[in-house]
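We call the chains A, B, C, D, E and F, going by the order they appear; numbering starts again at 1 in every chain.
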Amino acid sequence: MILHTLNRSPTESRVYRQALAAMGPDDRLLLIEDGVQGALPSLVRHFGELDGQLFALREDLEARGLAGRCAAEVLVVDADGFVTLTEEADKTVSWF
Amino acid sequence: MRYALLVQGGPYSRQAAHSALRFAEAVIARRHRLETVFFYHDGVYNAARLAAPPQDEPHLVDRFRALHEVHGTQLKVCIAAGLRRGLLDEREAARHGKQGYSLEAPFELTGLGQLIDAGLSHDRLITFSP
Amino acid sequence: MHDESMNGEVLVILRHAPHGSSWLREGLDAALVAAAFGRRVTLLFIGEGVTALVAGQGAGALGQKGTQPTLEMLAMYDIDTLLVERQALDERGLGTADLLLPVTTLAPPELAATLAAHPLVLNF
Amino acid sequence: MHDESMNGEVLVILRHAPHGSSWLREGLDAALVAAAFGRRVTLLFIGEGVTALVAGQGAGALGQKGTQPTLEMLAMYDIDTLLVERQALDERGLGTADLLLPVTTLAPPELAATLAAHPLVLNF
Amino acid sequence: MILHTLNRSPTESRVYRQALAAMGPDDRLLLIEDGVQGALPSLVRHFGELDGQLFALREDLEARGLAGRCAAEVLVVDADGFVTLTEEADKTVSWF
Amino acid sequence: MRYALLVQGGPYSRQAAHSALRFAEAVIARRHRLETVFFYHDGVYNAARLAAPPQDEPHLVDRFRALHEVHGTQLKVCIAAGLRRGLLDEREAARHGKQGYSLEAPFELTGLGQLIDAGLSHDRLITFSP
C-alpha cells in the first residue's frame, strides 16, 4: 500500500489526475497544504470514489478556516495521524 | 523506524519546509529516529546561513539546525543544486575562487548518491515539495 | 457592478491561497506599500485567491502567521475596493457571508473592464 | 506491457517539460546517480514529462543546454527501461515515432503496478 | 489593448482559464516557456476562438522541438516580436 | 520607450530569469531604454553573489550585472523578500549581527515602493514569473 500526498487544489492544478491514475486499489491519498481545498464538498467529486482512502490534514484545514467545511467522506488526520499513515504504507509518493 | 525527509521547496516561498519541520516533530514525538533530511531543488535554500526572517516568523534555518543538535539528524544539501543557487561552504567557495560562504555546519554539501542511499536504506522517505 | 470606484491606479490581483505559498502575502505587501505611497489601490481576488477571504483562519505550520490579520488592516490603508470573482466563490460553495470583509462580486465580463481601467496591474 | 524488466530498484517519475523548470534535469540527475551507484533504474514519463522525449529539441534561452543530450546518454548508464504514459502522448497528438528513444507505453492500470514494483519512487 | 503572457501548459495548470476570463475583446495572449505546449493542434482548442490574438514564442517552441508542430491559427513571433507586442499593448499582464 | 522588468523566478529552478534576460536583450536591440529590473519573490535569488553554475551554463548573476554595466540598468532587489531568503548586503548583515554578505553591488536592496514607482512611471512593465 502506497500513501500519496497531494499539495495542490484540483481547481488550479491537474496534478490530482496524475495522482489518481497512479493509485492502486488499496492506496491512500492525503491532501496537505493547498491540497486540502479539495476536501470542500463542492470539490471532493474530483477524487471520484475513494471510500475510506481519502484523507486531509487537520492543521492545514484549520489554518485556512476550512476545518468545519470538509465533505463527510474525507477522513481528517492531524500531524500524528500523518506519521501513522506513513508507518502503515510501504512508501510515500509526493504529488505537487 | 528510521525516517528520511526530502525537502524540495525553499523557505517562505512555499509551505514545503514548514510542513517538513512539522512532520519531523511528529515523527520524533512518535519515537521514530529522524536520521536524515536531504535538501534538493529549491530546498537547498533552507540552508542559507544569512536568512533574516522577521522576528515574529519561524526561523526555518534555526529549526533545521535544532533537529541536528537535539536529535542528531543529518542535514544534507545536494552539492550540484546548491552551487547553482549560490550555496557554498568554505571549501567550495575557496575552490571557486570566491570570498565568504553561504552555508555552514551542521548543513553539509553532499552528492545526490546520498539521497538514493537514504531512500533505499531508511525505512521511510517522505518528500515535501513546493 | 462596474462603477467609478473600481478605477484606482493600481490593481493587485490575488490568485493564491493563504499559507501554501508566499504569493498572497507578497501580493498584499505590494498593495499596502502602494496605498502607503498614496496610490488608489484595488484588490481583485480570483481563482484560489478567494479563499484568502474565508473567515476563521489560523496560524500556519510552526505558528507562521497567516494573512488574515493583514486583510483586517486594509481599511486603515484606505483599501476598500475588494473585488471577488463570483464564479470562484460558486465553484467552492462559498458565499459572501462566509467572507471576512465586505466585497463586490464580479461576473466574468467585468474582469476585463477592471484590468483595462487600472494603469498598473500586478498579478500575484 | 508489464514484465520483469520493470522491476528495478529505483523508479524516477518525470512529469515536467524541458527548459521551463529544472525538475526534468534534476530528476534525470537523480536517475543517473542511482545508476552510477549500481542501482537498476526505471524512468516513467507522465503528463507533460512526455515532451522531454520529443525529437529535435534545441538549446534554451541564453543558450542553456537542454536535457536531450542527457537522455541520449541513458544507455551508457544502463538505463534502458523507459516507460511512457500512453494517454499523455495521445493528449498531445504524439506517437512513439515522434520520440528520441525507444519506449514502452503504459495503459492507465499499469501505472500503479509500476509504482508498487519499485522499492524507491522519486517523483519529479 | 492588454498583452497577456501565459507560461503554463493547459494540460497541467488551469491558469489559462483565468487568463481567458480576464481578456477583453481586443486583448492578445502570448504563450511562452512551458505555455507554448498549448500551441499544439490537439491542445489549442483550450483557448477557444482567439482569431489573430493567439501568439507563441518561437524560441521557446524551438527549444522544445515543437516549432514544426504548431497549430495553423497560432501566430509565431520571436523575441523581437515579443517586444513589439509589448510596445503595441497599453500594458502586459503575466499569468503563471 | 522606458522599460522596467519584474523578475519573480529564481535562477535555474524556473525559466523566468532566462526569459527576462532574453527579453532584455531584445528590448535593448530595439533601442528602448531598459531602466530597471526589479527582483521580487524568488527572483531575489538572482542576486546571490556566490552562485557557481557549471561553466557550460549561462551565469545569470553575471548577465544581470552586465545589463547594469553596459546599459545602466538599475538592479533593485526587494529588501523584505531578500532578508527572508538570506540575501543581505554588508549594511543589512551588520544590522542583523551577521558576518559576511550575500548580495553585492550593482544589485541594491530597496523597498517595494520602487516597484510601484517603476510600474507607474516607466512606459512599460513586463513581468517574468516562475
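Odds and ends about this structure:
In this section, a residue touches a chain if its C-beta (ideal position, glycine included) is under 8 Å from a C-beta of that chain, and two chains touch if they have at least 3 such contacts.
This is a predicted model, so every value here is computed, not measured.
Under the contact definition, chain C and chain F share the contacting chains B, E. Traced through touching neighbours, the fewest hops from chain A to chain D number 1. Under the contact definition, chain B and chain C share the contacting chains A, F.
With chains reduced to the mean position of their C-alpha atoms, the one farthest from chain D is C.
Chain centres here are means of the Cα atoms, and by that rule the chain farthest away from chain A is F.
Between the interfaces A-B and B-F, more contacting C-beta pairs are found at B-F.
Copies chain A and chain E of the same chain sequence form an interface built mainly from equivalent positions, shared numbers / all numbers used being over half. With centres defined as mean CA coordinates, chain E is found 27 Å away from chain D.
If you average the Cα atoms of chain E and of chain F, the two centres end up 25 Å apart. Multi-chain contact residues of chain C (touching two or more other chains) are listed as 19-22, 47, 60-61, 119-120, 123. Residue positions 7, 11-12, 14-15, 33-34, 59, 91, 93-94, 96 of chain E each touch two or more of the other chains.
Within chain F, residues 12-13, 15, 19, 22, 41, 57, 125, 127, 129-130 each touch two or more of the remaining chains. Applying the touch definition to all chain combinations yields A-B, A-C, A-D, A-E, B-C, B-D, B-F, C-E, C-F, D-E, D-F, E-F. Taken in their complex, chain E has these residues touching chain D: 7, 9, 11-12, 33-34, 37, 40-43, 59-60, 62-66, 68-69. On the side of chain E, the complex with chain C involves touching residues 2, 14-15, 18, 21-25, 27, 90-91, 93-96.
Against chain F, the residues of chain D that register as touching in their complex are 19-22, 60-65. Those residues of chain B whose C-beta lies close enough to touch chain F in the complex are 10-13, 41-42, 45, 48-54, 57, 61, 83-88, 92-93, 96, 98, 100-102. Across the complex, chain F is touched by residues 9-10, 22-23, 26, 29-30, 33-34, 36-37, 39, 119-120, 122-123 of chain C.
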